[in-house]
Amino acid sequence: MIRLEHVTKEYDGFRACDDVTFTVQKGEILVILGPSGCGKSTTLRLINRMVERTSGTIEVKGRNVDTVKGEELRRGIGYVIQNTGLFPHMRVDRNIATVPSILGWEQKRIDDRVREMLDLVGLDHDRYSKKYPRELSGGEAQRVGVARALASDPDIVLMDEPFGAVDPINRLRLQKEFSQIQRKLHKTVVFVTHDVEEAMLLGDRICIMRQGKVVQIGTPEKIVLKPCDDFVESFFGAEGALKLLSRYRAADYADDVHSEGSPLEADSSLKEALASMILEGRERVPVGAGSIALSSILDALRRQES
Amino acid sequence: MIRLEHVTKEYDGFRACDDVTFTVQKGEILVILGPSGCGKSTTLRLINRMVERTSGTIEVKGRNVDTVKGEELRRGIGYVIQNTGLFPHMRVDRNIATVPSILGWEQKRIDDRVREMLDLVGLDHDRYSKKYPRELSGGEAQRVGVARALASDPDIVLMDEPFGAVDPINRLRLQKEFSQIQRKLHKTVVFVTHDVEEAMLLGDRICIMRQGKVVQIGTPEKIVLKPCDDFVESFFGAEGALKLLSRYRAADYADDVHSEGSPLEADSSLKEALASMILEGRERVPVGAGSIALSSILDALRRQES
Amino acid sequence: EEPVVKNQGDPITVGSFVDTEGGILGNIILLALEDKGYVIEDKVQFGTPDVHRNALLQGELDIGVDYTGNGQYYVEGFAESVWVKADSAYESIRTADEKNGLLWMTPAKANNTEAIAVTKDFSEKNSVKSLADLAAYINKGGEIKFITSQLFAEKEAGLLGIEKAYGFKFQPSQLVLLPHGNTAETLKALSEGRDGINAALAYATDGSLVDLGLVVLEDPMSIPPVYEPAPIIRKETADKYPEVKEILGTLFAGLSKEKLQEMNKKVIVDGASPKDIAEAYLKEAGILD
Amino acid sequence: MNRKPEGTLLLFAAAGIISTFFLDFAEAKPNRILSGLKLGSFKFLGIYAGILVLVFAVVIVSSVLRDGKIRHMISGMAASAGIAVLLLSVGPMAGLAIPAGTSPRITISSGIYITLLCLYIILGTSMRRLKGHRTLKLVLAAVAALPALFAVASGSYSDLSIMKEYQVKKSQFAGNLETHLFLSFGSTLAAAVIAMPFGYLAYKKPTLEGKIMTPMAFFETIPTLSLFGILMVPLGYLGTIGIFKAIGVSGIGWAPAFIALTLYGLLPIARNTLAGFKNVDAGVVEAAEGMGMGKGRVLWRIELPLAFPVIFAGIRVALVQAIGGAVLAGLVGGGGLGSFVFLGLAEASSDLVLLGVIPIVLMTLTGDSLMKAAVKRLEIGGAV
Amino acid sequence: MKLKSIIPVAALTAVLVLMLIFSREFEIFMYGIFNTKTQTGSRTPLIVLFIEHLNMVVVSGIIAVILGLALGIFISSKPGREYRDAFEEIISLGQAFPSAALLALVVPIVGYGSEGALIALVIYALMPIVYNTYAGLTGVDPDCIEAAKGMGMEDKRIFTRIKLPLAANVILAGIRTSLVINISAATLAAAVGAGGLGVLVVNGVKAFDPVLILEGAIPVSLMAVIADLVMKEVEKKLSYS
């Protein structure tokens, strides 16, 4: 779906992107993770030609991006930037309707679409559609930003630290909601972040960058378990494995053994199951009809690997 | 050391602090934790009389705060505010020297103290003392803020979300450094945050506030294990127990059993030990001369409680 | 009945100086022409003398009012002495300005020349009646503060000439210089004795002299030129509307110094409308009915 | 609950009382230019002066009331009543105070202006601090404003010297007012049309910023009157050329004034245009581009609407400046209300000066506050 | 002050001085160019007019700075804050009077000469100073003030050590604006007989004499530009960034 091959971007001789090569499959979320200034945003913006590369090839949906006009290319790709970038002088509905109206959809269709999008991101149409961006909380604004990027139903969405400005508590909620939306829509997503937990939670694959170069690219498990160098390892810290546990649902690792106590919530993660065991000092906690054992959690990553 | 009794602060009839009562012992860190707008900052600022209370009694070092002039009271109490509040027109050294020069220390003593303070917060004197605040990174500015608050060696330090503006990666480092400093200096600290992990990591006791009222106050263990209501419970989420584990040193829970593999670092926490076990799929990992067992971690909180 | 409009769609622009007398004289022309059925664009009290002059030259004004003595500034090649006599002054500017396309009509017999005024009290107390007396008074070291226009103070045919002729000299501290020459202000300052002022620039036709209890010092040597107001019409306009030239020809002839003084007084002291005063004059003179 | 007396009310009520007792309210002159008998408030207004003192006393008492709402209601009502009494009584009382003589004049003196100013400030303060109560505020404003209109319209002021000046100048007044409006609004419009593209250019090409702004800033250092004067020469020359002559350009008249005022308006507008565009959140522009908007669309749909409140604020500054500057047109034959000012100055008639000044001040104040309100309105949909 | 910024100031000052010394020659030269019929000239030497002008600007400037700072500080202080709106209204009312009209109106009150002009100029110069003082002082980062207060500084010390230095550049920018406005507005003082370079400008305009206008306008503009440059340097010097 998206293919970068030996892509380099120089600013006055400084390589913000240096020989970057990767592919994003249809329906996949690729998370680009790295420290500040490593070239994440630049890489993202090369894809929709907000920035023109110095050398290399970029293909989107099998076509070289140079064969399309920049503006047209961008109209077909959703784009969510840090701090939302909502247009402060337009109400929520007009913000969301931006690309559809550029594309010349008829009014009725636009209205329906706005309603549908607000629904999708969990905002009440009547309450929110006529608000101005400054009347929204950070989390609400973020949702509108996502709704706007998806309004014209693009196959591809680029997201640049979309939840960067949201406080930690709301952030988790947004991340989970985004996961759900993605499960419905199966977009092809490139997602930039410097938050390790976020990368773990959302990424099908993670691409770790450093000083403009791709250091390692692969599934979160592979990266945590087989970091290719110290830099990658240090990134996940000593607690990388725990973070990884948040990716798996406890129910998937449960067995039929009966266990006492109040069961975990249906979509609890392995991490939550582990926390619950430690809290209660038990080696087994109930989940669904059965229960899950500490040893299953201990084995989980191993099982995943094979 | 600090005692608030039935303290209330009203703004135009709105109670920002409502009947707050607590005591902070000498050498203790009390963390005030709560959602935005719950009155944390107000409570803090009542202590050094930045805000005058509407009713109630406040004692600092056994004396009613009303018996001292506000300014004098404040000169004896360190104060670190969110976003550092460094004076942009003064170089780092003069920022740090502010209170000592108000107190009329002689120049030599001030100079020595500045050097000592920069040392304490891990900044090189020669490199940093002549910089202006705008030439510092967020983390460096934060350290200078702490150095400034400690310059006159006050017994009591008030900190209002001191690390609020620092990015997550540097934040963890600053928190750990602060822990170390505190272990050396044994200040009496009231620390405001809305970050649960920070509260867990630093607080000897945590005071949870909501809408101006103190909801629960106690050690982190007590609050996680015995939350007094749903609000407090929701605050720590499903993973509260795991967070708690970061408070304990693995070495303290180790036994003499020999175990293979590379040992954990000396001051690793139980949380890190657990992560290591999950990563490697083993029930026991080496620490120091001996090793620690998964079952010890499972029992840790229980042991702590008794 | 309404007279027929004689210049449909081509109004004649009439202007004058932005001062009291300009208001009256301009309106006299305006009303006289309107009475005969001309459509007039009213630019009465249009601007300062030089703005007015240039407007006439450039055709911004078709008709204006100016003073014969001002010819000394407008045209070159005349001896200074021609400007101090009424007839030679008029003849000089009339002939010279024909080349500029401006026709000077017969001026009023009213010399609105520059003079120095003092209060009656001052005059009597110090027995100062003429400029010669004033010179003696000043040279004796008498207190004096003279308010005048900058322009008058700085020309040979003005204060510089007077000082030379009568043999005295104002010190800078004895002068209050205004950038304009309108004497309502100077005379008011004099009559109120503001800032110690006890002498002021006046024009001979100033209407407020009597009411303010002021007297004009005599100038036996006649230093400042003769300033008689006359209507001026552009040659183009005169050629197009010969009747207009006819009307203007002797329009001012009947105006005496006393008459102008009286009319000026009514406007500046009593606050009457210059137009009303002009109308009254025209009726009295039988030009209007 | 505020326990302290309210300073603003106290201060201006005290100032009002002092001005009522000690300043002249009118001058009864034997004629237009001679000074005359100065009249204090009681001599001039009689019982109504007593009412004014009472009004100020009420304000002082209200300023120590505890309840803010009642306090401001009382002081507001007192002030607007005071304004109404003052404005309505001046006309008839002037009629009574006219001295004998052929052409006597009654001139309003500083006391009335200052007393009025105190009353307006008290009223303004009260209304600002009175939250809500829209109808009450509307009534207060009406009570304060309508009497002046009524008095002017009904001819109640006809005995005042300034109205007599108006009677004399009536035929020129409308024309001069129109010219003044044309000069100030027209030149501001022209300045906006020229300066906005330059401001935008400076934004797009930062290297050009100095080259664009420096000359504009230079005009600002040339005294207005000199610029008028200097322009007369080249314009006088231009005026002899056919096409310019046809549109009325000449060395005198409106052209130099109009051009000079336009030149003065350039800097504030260009500067604010630059600042306005710079202020637009880079993230917003990035989002717009990222959604496939072309350059033109980004400019018209995003940047311009967002920058406009700031640009408009610059236009406001330019307009206020132009209204004041247009006075000088009176000196170069450009007409406008300045003609009255300078004729008044020349004839030593402060009433005639005021006949020019008062409309200018009103024009400035209303223009300014309308534009301010407009800026606020623009911002409702805008950033911030 | 860096050499780079001294050069333009020195050059402009030199031009100004030369112009003052050789004013006669300037007139003769310019009349050669313009060839106007009315060659009025001036009774008072240019240098005297210049000094009058300078005097007016300096005196009104000093008064305006003192008054403006005091007022600005007052209305930005806690007890004075409630007067802010009232004073702002009065000052902006004062500014709504065109400078020429303001000058015209003070004559009947204080008479001819420089007093009237001074009053008008002070009123004119006041607004930018008061406004910028207020904006500067209240614009100081509240975190800084909070920190200062929290460290036990008294209000006086917070004012002198924190607020004033941090507001200095904004305040100085206000003084600069008002100075430049004032230099150019003082031209109109001639209209009330207060002298100054405006005498030449006003006479020049009346006499339609571009030489006189330029002779007055050039020194005024030079003064304004020099004042602007110098104040910019002072601003740089006194502000921390």
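The first chain written gets the first letter, and so on, giving A, B, C, D and E; residue counts start at 1 in each chain.
Heads up, the rule we're going with is that contacts are C-beta pairs under 8 Å (C-beta built on N, C-alpha and C of every residue); 3 or more make two chains touch, one makes a residue touch a chain.
Composition by chain, UniProt nomenclature: A, B = Osmoprotectant transport system ATP-binding protein; D, E = Osmoprotectant transport system permease protein.
Since this is a predicted model, take the numbers as computed values, not measurements.
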Chain A and chain D share contacts with none
How many hops, at fewest, get you from chain B to chain D via touching chains?
2
Top of the farthest list for chain A, CA-centroid basis, is C
Counting contacting C-beta pairs, the top-scoring chain pair is D-E
Taking each chain's centre as the mean position of its Cα atoms, how many Å separate chain C from chain E?
39
Just curious, how far off is chain B from chain A if you go by their C-alpha centres, in Å?
32
Taking each chain's centre as the mean position of its Cα atoms, how many Å separate chain A from chain E?
59
As a quick test, compute the distance in whole Å between the mean CA positions of chain B and chain E.
53
Which residues does chain E have that touch at least 2 chains other than itself?
191, 198, 202, 205-206, 208
Sequence positions of chain D contacting 2 or more other chains
251, 331-332, 342, 345
Please give all chain pairs that are in touch with each other.
A-B, A-D, B-E, C-D, C-E, D-E
Within the complex, chain C is touched by chain E residues 37-38, 40-44, 111-113, 190-191, 193, 195, 198-199, 202-203, 205-209
In the complex of these two chains, what residues of chain B are touching chain A?
36, 167-169, 194-195, 224-225, 238-242, 245, 265, 268, 271-272, 274-279, 281-283, 294, 297-302
Mind listing the chain C positions that touch chain E in their complex?
48-51, 53-54, 73-76, 147, 150-151, 153-154, 172, 176-180, 189, 194-195
Give the list of chain D residues in touch with chain A in this complex.
281, 283-284, 286-294, 297, 302, 305-306, 381-384
Please give the residue numbers of chain B that touch chain E in the complex, ascending.
48, 50, 71-76, 79, 81-89, 98-99, 102, 132, 134, 148-149, 158
